[in-house]
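Chain IDs A, B, C, D, E and F follow the sequence of writing; residue 1 opens each chain.
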């Protein structure tokens, strides 16, 4: 189905209703955070990226994109620098679960039966799962049992071939990719005006023990707030990532929502 | 204080930190909804408008604008057409309260002591109040007792003089202004591409008894979803509104946050 | 149906059961607060008044009155003087929602299908709405889908003709009627022993900016705690109000519960 | 301290404030239920009785009585006939806890440091305990650590001597006293117009196994809804009970609140 | 049905599934606490005892025993010494309710229709009741209406004949049995290595007024933490208790789950 | 410090108090689940293993072990086979958070300042984090700011050298280790009587797409319920794992709790 806009919120209600009422149009919900991303990137990287992936996929398959979740779960030191960092603005787990549960149920009420969570903030993952479980439970109580909900994080579609190109000197692992080559390259390709690469600090990859300590020890987070250096980021790498992730997500949703 | 962007989420964390750490920079939180606004306007009118008012005021006074709340409390028939309408996507009261409470507390943790809620969706009002009360309570438990939080809805700054210009044939009251002259004029002035005035239905003002009935009787909502006709909306009226409301909000915040 | 008492709680269970089991008897739930009402009236004005309106209507139409809610939502400065005032004793929003939701569900379990909320405390309004929405949701999960719930505040039935009689010098608006002519006149007509008009302070109408500030500035509330002067209150005005509101509520419920 | 009324809600706020502000005046909160009490008594027995005990004690010691809790925890078969009975209207445990917690905290904010729960509905007991624990916790977070809260059920002050007079043929135990000699005698002494002794069923004492089954088996509750027969109730026994319980409660509070 | 182990958690899933899928096998959930039990017994007495009763009954009737609840509701001074005592580790009421509700619903999802709560900690009682009520409600929303849940505390099966043997000098009442003859005798019979009778303090029975005070007055709890002396405990008494309670519980469940 | 038992619940309260009161003794809380672990292992593998690691470490360093959490968060298909599997018995996220938060706060009240979560069920991870965050917040409100809480999962201490020995044919990743070589070897070394290796199914490693679908597609879980084959498990491998994990945890805690 072709829509005036890929963003559901930009449609009039009659157009939205036409798209959603029979359950055939998938709706994609981007989930991000307001979280520091180093000295060189703004606080809403985790919102911009999944929203753009969702938009690209939605345009290709005739789906719609819901308003993104712009506040996410508390940043953790080993994957996001930690919630003590300035600018990081987070929700309690129960709050995120409730908000996402409510929204899923509303879309189901509108007719949606195919929903995809497009996550851009690792820390959201388990609260997304819980929200879906609770939403499906309550929808079941309302007699709605034909929902199909896909959950994905865009970086999980980066394949080994792409990783070789992106990290010729070795892949540090997704955990340390906070504010590093992956996110910075994507931002350079999509929102270059929001990246100040000259302010980036070329930090050594963060190093953590195989356990967590609370309250966090701030000194374990590199002073930049990123967990690895973004210095090797580039527009070209951004385009590689855009291509491989968009293709992967599109293929997944075409399979699941056929 | 001058910032690279009025939007907090577009800053790097060092810039955000510099702005917020000593509590002098106000932060404005726009609150809207995903709600039908007739055949002629999109679903995010209640997000776009308070965000733009917040932006204008923030630029003028050196404040920052937080990511807006894009999902709001359940639309009511007598002020928003009703939550049964397609496209209207709402949160439970407790969810909205929790989300706003969490965000207020996070900004306070960053140093903010001057916060303004810029509301664009009438139904949010009482849950904003509750969120503030609970946030102040918990901040007090953390020893933070010097918060000042202003709550406003932009339309409350339209003065009698402007009303005379906007409604030469008589003012229907704010309640019936859902999708009517006020919102449509503002959208025409700010986002003309998102308004399809030719699709607008010239409905008679909605008429309701002096009480509410649940479940709502859908037939009481005009078929357009708006509660009055937007036909008399114009770009000029939009500019009148922009001017009077921006000025009013700015003046209020300069007084309160001096 | 004629009952031994209009108050459900004064019936034996067999009599109550006979009245409620087939869903034909409406049940009216008064909702008030424990809130300061100036130097001249007691703290339970908001309970006494809706309870008496409910009783009068119930007697006329063969309905029953449930035990009133005697604690309400937090008093707001611009309509109730503010929650900081001595004597004002309020519930968190979630508490009021839960209590009302539970009670609605219990009456539905007993057979009630026609319920009317008779509100006497403005601040309760939105939490009543939320309670009804949640109760209807859970009742739906229990297969009960034929509920009809009316929500009203008694003052909304004062018509323009009555306003002219009550406020010959101009109507200050319902917001400022806290502890003023309306409530005081009704109390004089119904519970004269509980009114000490000689202690009333003849304050000027309160004046507020078009926004709210939290924590409240106590100095904006008149020292009386009322938002306007009760000096023009009278027994006669009380009878006018009793007549017009009772008639209006009765007519509304006869229409809705026919 | 002498008050115009023993009922806090009947005072003006200046009078209430004068009484409460320095923490010396105890405030008594009656807790009841809306619960069937047989064919011969109304649904609010559990409200009327503790309220009257509270009033008598308050008058004697210069304390105040708060508005009673008129809805209580779910009636249990072995002490109240069961929640399945018509007329019995109950709250979830969490609701009762939240409401009582909120009210305790509000009275503490007003200055109260001596609070007494006067319980008239056995099933409330453990939720009162939890509410107090949570209220004391949150008050502690607010720096208030000098609260003293007494919890009592009026029947616990009936001494062996009184029991001998009241039950010459042997005491069935408090559990089976639901709607029996104790409550009926008190109602006869206090509210004879609300008792229809001629409608009372002379049931044999209920007999239960030493465990509970859910959902309840309705047939285990006597058809009257009472758990024993009220036939031996009398005005005289009511006066004995009034005297011994009032004296006992008064003595307890004088000791604790000295 | 004969199982490899009476403990559900010791089975493989195919064996568990075979036992549970058709709803015929009862499952017994022991509920205890981590609570001080005097100078002579460990903190998990309230877990060990109901678990062992459950195991004995399960073996006899082919039922299964679920993992016990090892943390319970807050210890009360008049039946458990009070929650202020060192070692006593308790849950909020809402937490216990939620945990038990979740587990009941999970067993019902597996097929269980016969569930028995075997309580070993008096303070859990009312939160067990609430958990069952909420679980049955939600199961009903899922269309499951044929559950039967039995709740029991093992000591309620001690008959008068046994009491005479156990307390030749008079029975102090179950309330004061915390850490006294009952629990100590059972522990001596079952887990003698965990009892250090030589460290037991021979305290006088605790004496309390007919009401409760919060915060508790620690001095009302005997210095031992027990509410009566365990000195008269013996292995023989333990065996009497084991026999009478096991027999009673078995008989109850055979009746209820036939 | 040397204790009679490493298990806190096996101590008397005076002994527990002596150990905990000054905050020096660490307390270790094992967290597991009741979850299917294939045809060859019982449902409480995730409880037994972290409890034993905790015990070994506690004995070595003079710490104590709290009663384990025996019910955990909902099993996920890609790391635990999925919550639809028979025998898997799980808590809602909010329930697990609340229970763990309560227990942490209680231990802090007893004096504990060094707490370690020893996790044995991957799905618990994020709810442990949230529980700690909420507990630290509330403890802070109580003026307790010197807590140190370590969170670990025992498998994170398996080093590359051990992996080479354990998986000579290549490591499948921890996700697929559910019921595979790791857990089976540990159970063979510790609880051989609870392993029925002859019933194990030699399934191929599970294969999943890079996203999740809800409701789960049961056919993606191998029919065994395990995500890889346990056939290469052995007692020897169990001892390797015991040694490397115990050593690693001990070293971590000695460092953190020095």
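Worth pointing out:
The rule we apply is simple: contacts are C-beta pairs under 8 Å (C-beta built on N, C-alpha and C of every residue); 3 or more make two chains touch, one makes a residue touch a chain.
Everything numeric here is computed off the predicted structure, so don't read it as measured data.
The chains that touch both subunit B and subunit E are A, C, D, F.
Of the chain pairs listed in D-F, A-E or A-F, the one whose interface repeats that of B-C (more than half of its contact pairs identical by residue number) is A-F.
A separation of 26 Å divides the Cα centre of subunit A from that of subunit B. If you average the CA atoms of subunit A and of subunit D, the two centres end up 55 Å from each other.
The mean-CA centres of subunit B and subunit D are about 47 angstrom from one another, to the nearest whole unit. Contacts with at least two other chains are made by residues 92, 94, 141 of subunit C. This structure has the following touching chain pairs: A-B, A-C, A-E, A-F, B-C, B-D, B-F, C-D, C-E, D-E, D-F, E-F. Residue ranges of subunit D in contact with subunit B, taken from their complex: 141-142.
For subunit D in complex with subunit C, the residues that touch the partner chain are 5, 8-14, 16-17, 20-21, 34, 36-44, 47, 66-68, 70-71, 85-92, 94-95, 98-99, 102-103, 106-107, 110, 194, 196, 199, 225. On the subunit E side of its complex with subunit C, the touching residues are 140-141. By the touch rule above, subunit C contacts subunit B in their complex via residues 73-74, 76, 83, 92-94, 97, 123, 125-127, 129-130, 132-134, 136, 147-152, 156-157, 209-215, 248, 252, 256.
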